[in-house]
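Going in written order, the chains are labelled A, B, C, D, E and F, and every chain counts its residues from 1.
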Amino acid sequence: MKVGFCTINYSELPLNEVVELAAKKGYEAVEIPAYTDNGQMDVDEMLRGGNAKKLKKQVEDAGLIISGISNHADSPLVLGPHGKDLASVCDGTPAEQIKFGTESMLKCARLANELEIPAVVAFSGIGNFGRFNDWPYPDGWKEEEEAFVQNWLPIFDKFAEYGVKVAFEPHPNNIIYDLHTTKRCLALCDRHPAFAINFDPANIFYTGINLGSYIDEIGDRIVLVHAKDCELVEHNMMRGGYWMLQREWGALDRSFRFRIPGWGSINWKSVISELFNTGYRGVFSYEHEDVIMSRADGLDMAIAFLKPLMIQQPYEGRNDKLFQK
Amino acid sequence: MKVGFCTINYSELPLNEVVELAAKKGYEAVEIPAYTDNGQMDVDEMLRGGNAKKLKKQVEDAGLIISGISNHADSPLVLGPHGKDLASVCDGTPAEQIKFGTESMLKCARLANELEIPAVVAFSGIGNFGRFNDWPYPDGWKEEEEAFVQNWLPIFDKFAEYGVKVAFEPHPNNIIYDLHTTKRCLALCDRHPAFAINFDPANIFYTGINLGSYIDEIGDRIVLVHAKDCELVEHNMMRGGYWMLQREWGALDRSFRFRIPGWGSINWKSVISELFNTGYRGVFSYEHEDVIMSRADGLDMAIAFLKPLMIQQPYEGRNDKLFQK
Amino acid sequence: MKVGFCTINYSELPLNEVVELAAKKGYEAVEIPAYTDNGQMDVDEMLRGGNAKKLKKQVEDAGLIISGISNHADSPLVLGPHGKDLASVCDGTPAEQIKFGTESMLKCARLANELEIPAVVAFSGIGNFGRFNDWPYPDGWKEEEEAFVQNWLPIFDKFAEYGVKVAFEPHPNNIIYDLHTTKRCLALCDRHPAFAINFDPANIFYTGINLGSYIDEIGDRIVLVHAKDCELVEHNMMRGGYWMLQREWGALDRSFRFRIPGWGSINWKSVISELFNTGYRGVFSYEHEDVIMSRADGLDMAIAFLKPLMIQQPYEGRNDKLFQK
Amino acid sequence: MKVGFCTINYSELPLNEVVELAAKKGYEAVEIPAYTDNGQMDVDEMLRGGNAKKLKKQVEDAGLIISGISNHADSPLVLGPHGKDLASVCDGTPAEQIKFGTESMLKCARLANELEIPAVVAFSGIGNFGRFNDWPYPDGWKEEEEAFVQNWLPIFDKFAEYGVKVAFEPHPNNIIYDLHTTKRCLALCDRHPAFAINFDPANIFYTGINLGSYIDEIGDRIVLVHAKDCELVEHNMMRGGYWMLQREWGALDRSFRFRIPGWGSINWKSVISELFNTGYRGVFSYEHEDVIMSRADGLDMAIAFLKPLMIQQPYEGRNDKLFQK
Amino acid sequence: MKVGFCTINYSELPLNEVVELAAKKGYEAVEIPAYTDNGQMDVDEMLRGGNAKKLKKQVEDAGLIISGISNHADSPLVLGPHGKDLASVCDGTPAEQIKFGTESMLKCARLANELEIPAVVAFSGIGNFGRFNDWPYPDGWKEEEEAFVQNWLPIFDKFAEYGVKVAFEPHPNNIIYDLHTTKRCLALCDRHPAFAINFDPANIFYTGINLGSYIDEIGDRIVLVHAKDCELVEHNMMRGGYWMLQREWGALDRSFRFRIPGWGSINWKSVISELFNTGYRGVFSYEHEDVIMSRADGLDMAIAFLKPLMIQQPYEGRNDKLFQK
Amino acid sequence: MKVGFCTINYSELPLNEVVELAAKKGYEAVEIPAYTDNGQMDVDEMLRGGNAKKLKKQVEDAGLIISGISNHADSPLVLGPHGKDLASVCDGTPAEQIKFGTESMLKCARLANELEIPAVVAFSGIGNFGRFNDWPYPDGWKEEEEAFVQNWLPIFDKFAEYGVKVAFEPHPNNIIYDLHTTKRCLALCDRHPAFAINFDPANIFYTGINLGSYIDEIGDRIVLVHAKDCELVEHNMMRGGYWMLQREWGALDRSFRFRIPGWGSINWKSVISELFNTGYRGVFSYEHEDVIMSRADGLDMAIAFLKPLMIQQPYEGRNDKLFQK
């Protein structure tokens, strides 16, 4: 297990500077943004000539690996919400928006293949998340599920051709947002081999599910992990509850908020143990969305917290007389 | 405090039969549906001649009062979700749908005035509930709030003219769904005197907020109460969490489900005490959506559970020497 | 086990009317106030001629028994707080106040003897309760303990002569207020046989101790029980905590408040079971200090709640083959 | 759902008297002991002539049904513990003990068939329960499982011929004692159709498993239910824990103890709801092992507690416009 | 945020030695005692000539700052408890005691001004803390509040002249001891600008309030923080509860006890986050009252625990395309 | 307090290599196996000539001490379970097995005396652990207790002669397995001075008792401590409970499992504090049975976790004016 760094944490810095910073602080991997106009990596350019290989070498020369590339901005266009909700990414008709999202994902697949990384992080999107309630439109969620199959299945097939996976990050306002929806979508696409999960525990913790349950049931699909914490703010829970998603995330009355690993309510030793026990041997990419402390604070604290928790080898059993009997 | 009965529980029976049944079982009030084509009461007809008065008398002759009329089906059209999500109520353009909902509410105001009841139960509606998450569209919720003011404020004014109130029932997939959104919408309309709440504890319990907090802060706006319970199904919470709203509500793996009063996780003595302490002296209308037991089971059990809990008078204090000193 | 009624609940009514009311509602015992000027019973008069016997007969003719007499107002003068804090009971020098309290208790002992009841309910009093903190005066509590022995021990001896007991009601602002102080004072007076407890669970519940622990350790000294409940108001605990004793007890932001039995946080089945298991076979006297509902509400609800919980006989064991083996 | 009565509660009374007592108190069914020398019913005699039918008629004439017969004493001999541990039931070699237990069960099968009842309650037995710990003998539990198959499978086959089932009551010191062991034994006998469960929640509650989990997973095998409660004695748990099984069960320091329904820690509404939701429509047989109160106390309290909780019909759904959309 | 050291931890050593020790161990600030005869700093002497400046320079030369001066012993005399309870500090009439406390505070104000530190730590004092219970003297607490205004307000005015604040440390046996009393006293003095708080979480934790609630409501008044922990001793809580303040604090049966930071029940990450989020950028002064381990153990452990938790900068937000949209 | 290492963790390596490895990693003590054929130390050989002294010197030359020797395999033969359950240790009649276990323990006593260590770690054994349930054999546990006295008392006497103690490790499938059984066996042997405890918190944590209660009541008998953790796997508890002892311990559905210190559910600061407060000044021997991570992972993590928690000196009290008053 390794500790990684999401380079987009310092979106104002060029990629190579962030890679160097991460390396200096002891991080062992980087996750690089791949959506359009992210400011750090241009996928079109990377797909030209040997640019991808050059990038890979550059990162490895710094002593790190590339754990994954992420396409959070473009990917949800595959399902929505269309119209103005995602117009900042692509302003067009729903059909144009879907096309934009789909093509962006396919380019990422090619790049992932060239970079020899396992997966592209994506949001699954949704037309209208309110349909998770069966009222007033009882067929609403079913239609969202049908759209999921129709729009994502062809992408899965292409990914399979490239030998890489779509690593969905469960998140509210997406069709995949908790344990049951992950299992449901996996079933809907007949457990397609290109369907994978980027496990960001903070994004699902405040739905109230148990992370150990999630990992044990979905573990074999988890190919990437985000190291982000979620603090249930005890004294605000009674008034704010589990559904307090609107801004401002830094407000004093928040009932939950994102934190750097170790400063929230997530039991990281349990998360790491369950992941290791289900076979995960990959990277924990630290993503900074802590609404209280600076990235500089987090840069030091995250690695100090996580590094000593990385398990390296499974138990060999004991073979002395007492145990073998 | 009185125990009431939602006549729509037996939607297949004519209104007068349900009133008689409720009276026979000991209920003291009825809540009557008022949305279009509800099968029990036609608002247009009631507004003709002395029909409203006749209904009132008929109920009172049976020994009950009318606690309120409810317009759950038409009211959300005022805000949405428009399009096919509410097409079963009114199939038209969003503008037509808004008009339909608005006019239905205004007719209910007239009827409430004639029936001399304080309020019309309504859902607040919303365009796209997914915008409760500030991602991907940070301005989304703000726009929903603007629509709330634009579409509901004129209705409030009309209600004020009739001397009655809109009693919003907080509920997911509506802009008013928990404590913070209730307070926010109340502020958005400058604490309009026609803004009231129909408090259905089951609908907000699974957002994780504390019902006592809700009552203490909103109590002076609560004019009606639904007696419906919500069971947090302990052994399913870890896998299902607080966001498991899709069907089937009767499935074994539900993490929460609606129940008759007393069979769920709500602390009714606390709810009743806080309501009484904030001045509520009204009705608890039993609404049956228990996914396990029949309406016949509930008909007997609900009144048996609630009747002994109705507080009649506040504490007079004690005046003996020990206390007056 | 029987359900009793504190006649002082209706301090504005004459004693015989309250006895009749209690009898009519199904109560089986009464606790009668015995402090000076309580308005219902004059101890001096009762000690004259056969008045005590007459009272006893009158109560028994109504089908009830007298469970005890209570001297809450005068008794604390034995220890304090002296000066103006108890001047409403007896305005004088500390020495005069002590004398007043002591003599009042001794008259009660005589009366209890004549009424053939086991005990006189009393508060233990204290000079300055703040000394329960060893800062700033480390010897403060020790001095209070010395005063306890000096002032109460002679009273115990007199009580023993009369064959009755002092039933201290643990309560804040008294030297006996929780489990440890009960045990400590019992030890200080060498486990004097006249030292007994009137167990009012509500008065100690908010110190956070477990009532089962109290009963199991002190049970053989418990001779009377008050049926009063204490509600920990969940949504106010975080801000109010366990030390919120100042007025107003009916305020919305209270973290705990007194309630009628069954409407608070006390597990009555556990309390009753532990008491029965330690040998208690006496009365649960309902005392009304519920800050939300009226005495009329409580009068009906308390007996309805408690009567079905009274255990009559201990388990006989089972003797079939399966168990005797 | 019905409330039943285990006639062995009054083992010192003849069967017909207990049946009458149960009927008079409102119970609707009886469970009758069937092990050798139980003092109330002699299986051999019942199998003669029309005795079984006569008994059935006698119970039904009293207005009750026979819910089941129980063979707690003889049945464990099928597996053990053999030797002196069960010598009081049958003193012989292990082989003789097994034969005794097996034959007793088979006679019960015949009788159940004649009485037209679905099942015979049984303990599963075990050689040495200590082997549930894999130390010091790692193969120990496996050998117990092999014995289970070898000794019980032939009995299952015979039961299937009679059209009745073995209703194992999970219990410590038996191979079936919690959820995992129930599932394991069910698998070991290839989900034999004669394998059923008599669900006594009190016997497994103190293993710490959740009763809802048990019911949801095993529900289709539950054919009988015991109404017995288990009180986790809060203030003793820290010192006694979940493994405090030795006598005396009535001691003050018990960390858990058996109680009548409603006086323990079991959430009966949840248990009843889950059972009903998995299809159970049978009897809750009240078995008295409450170590604090008498059988006479329990006789009244158990029916008063359980009768109002019996669900009669499942939810029909709602079909008004609001829901059908 | 910085980690500081209360020099009085080593009261037997001269101030300069303690400053050097603290510096050597990595502490960044010191809090110095200022009450009469504290043995480390004589206020009168400091107020002479340039002594204060010299001290300031001496501390700064060691690489530390002075975070505050504390007057725990003299300050409570302003309110009490008078008489023998505080006679060890000043033996005299109550009037003399008040004068002594007041003058000591005023001298501290001058010194704080010269040292350029923001505040003087003080206890608020109280006449008879038992009056926090409204029985037996319902006006008792009101009188204490009146005394608070009368005696402290003039001091606040003087402090304001010196540009420094009184930093009350909430504590039992003082009028300011929890959240409600802090808010109440703040209101009583019309939110005087010289009213500030020295937040010692251990002193209020065992009242059961939530520290996050305290910080969020009082945060803008918190100018100093004590790093002291409070351990709720789980297995003793049921018997000792929240009111067990008497000696011996090191006894095995304590229900709570003071500990060094990190060894108690306080969630320091939450405390630090809330403080930072309300704007606190000051010092956490480690005060040793751990009743189990030595000061030498604490000296090393406290800094090792706290230093890595000091937040330096607030979150800058993220500005990449994904977030700015 | 010191951190030690159980050399048997690396049973495949010779003792001296393990001692060196432990020393290199910072451990300060070793616990060495002493049962027959353990592969690291032959007791018979050690008892010859000066071999014991040589071993002692060798360990001390490496900078460590020997904290104890352990005889987990042979010791349970003293009580059982006899027959095949312990045949792998000694295959013979029960009498032969008892003799084997007894003699092995006595040799260990001699060796402990020569090594100048305080105790020999042992399991207490039991004939049939299932008898901890009083059904079906009510006298079963009493007979096990009689056997305990008969078989262990002579061993205690011999140990006393050698000036060393038997340090029983409470564990399931032994007569000493929780707090009550420890106290009971201590009483049964009249609190024999050679009766001591090797406290392995992980072995008793899953019985649900509180470790603080155990330590406070048994503390004066604890002479050795194992540093092993137990993880209650939250999301599996509802289905597995507290009695899930069968294999496989590494399975995903375990409700509890052994872990290295710091990765389980044990509150180590509380355990260490209570032990220190009851006078323990000894070693915490890290024993690796973590079913998830390798011994190499544990070797580094255990010392990193435990070393900073070792308390060195008790609190000296504070003597400044504020406290001495």
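To be clear about the criterion, a residue touches a chain if its C-beta (ideal position, glycine included) is under 8 Å from a C-beta of that chain, and two chains touch if they have at least 3 such contacts.
A quick note: this is a predicted structure, and the numbers were derived from the prediction, not measured.
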#### Entry: Topological distance between chain A and chain E, in contact steps
1
### Farthest chain relative to chain C (centres taken as mean CA coordinates)
A
### Message
Comparing the two chain pairs, does C-D have more C-beta contacts than C-E, or is it the other way round?
### Response
C-E
### Task
Can you check how far apart chain D and chain E are, centre to centre, with Cα atoms defining each centre and the answer in Å?
62
### Message
Based only on mean CA positions, could you tell me how far chain B sits from chain C in angstrom?
### Response
44
## Note on the structure
The distance between the C-alpha centres of chain D and chain F, rounded to whole Å, is 39
## Note on the structure
By the touch definition above, chain C meets two or more other chains at residues 73, 88-89, 136-138, 210, 212-213, 234-235, 238, 253, 325
### Query
Which of the residues in chain B come into contact with chain A in the complex?
73, 76, 81, 84-86, 88-89, 126, 128-138, 140-141, 171-173, 177-180, 207-210, 212-213, 217, 237-247, 249, 253, 255
### Message
Under the definition above, what is the set of chain A residues touching chain F in their complex?
### Response
210, 212-213, 216, 269-270, 273-274, 276-278, 308, 311-316, 318-322, 325
#### Entry: Residues on chain C engaged by chain B in the complex (per definition of touch)
8-9, 11-12, 33, 35, 37-39, 72-73, 88-89, 231, 233-236, 250, 252-253, 259, 262-263, 288-297, 301, 304
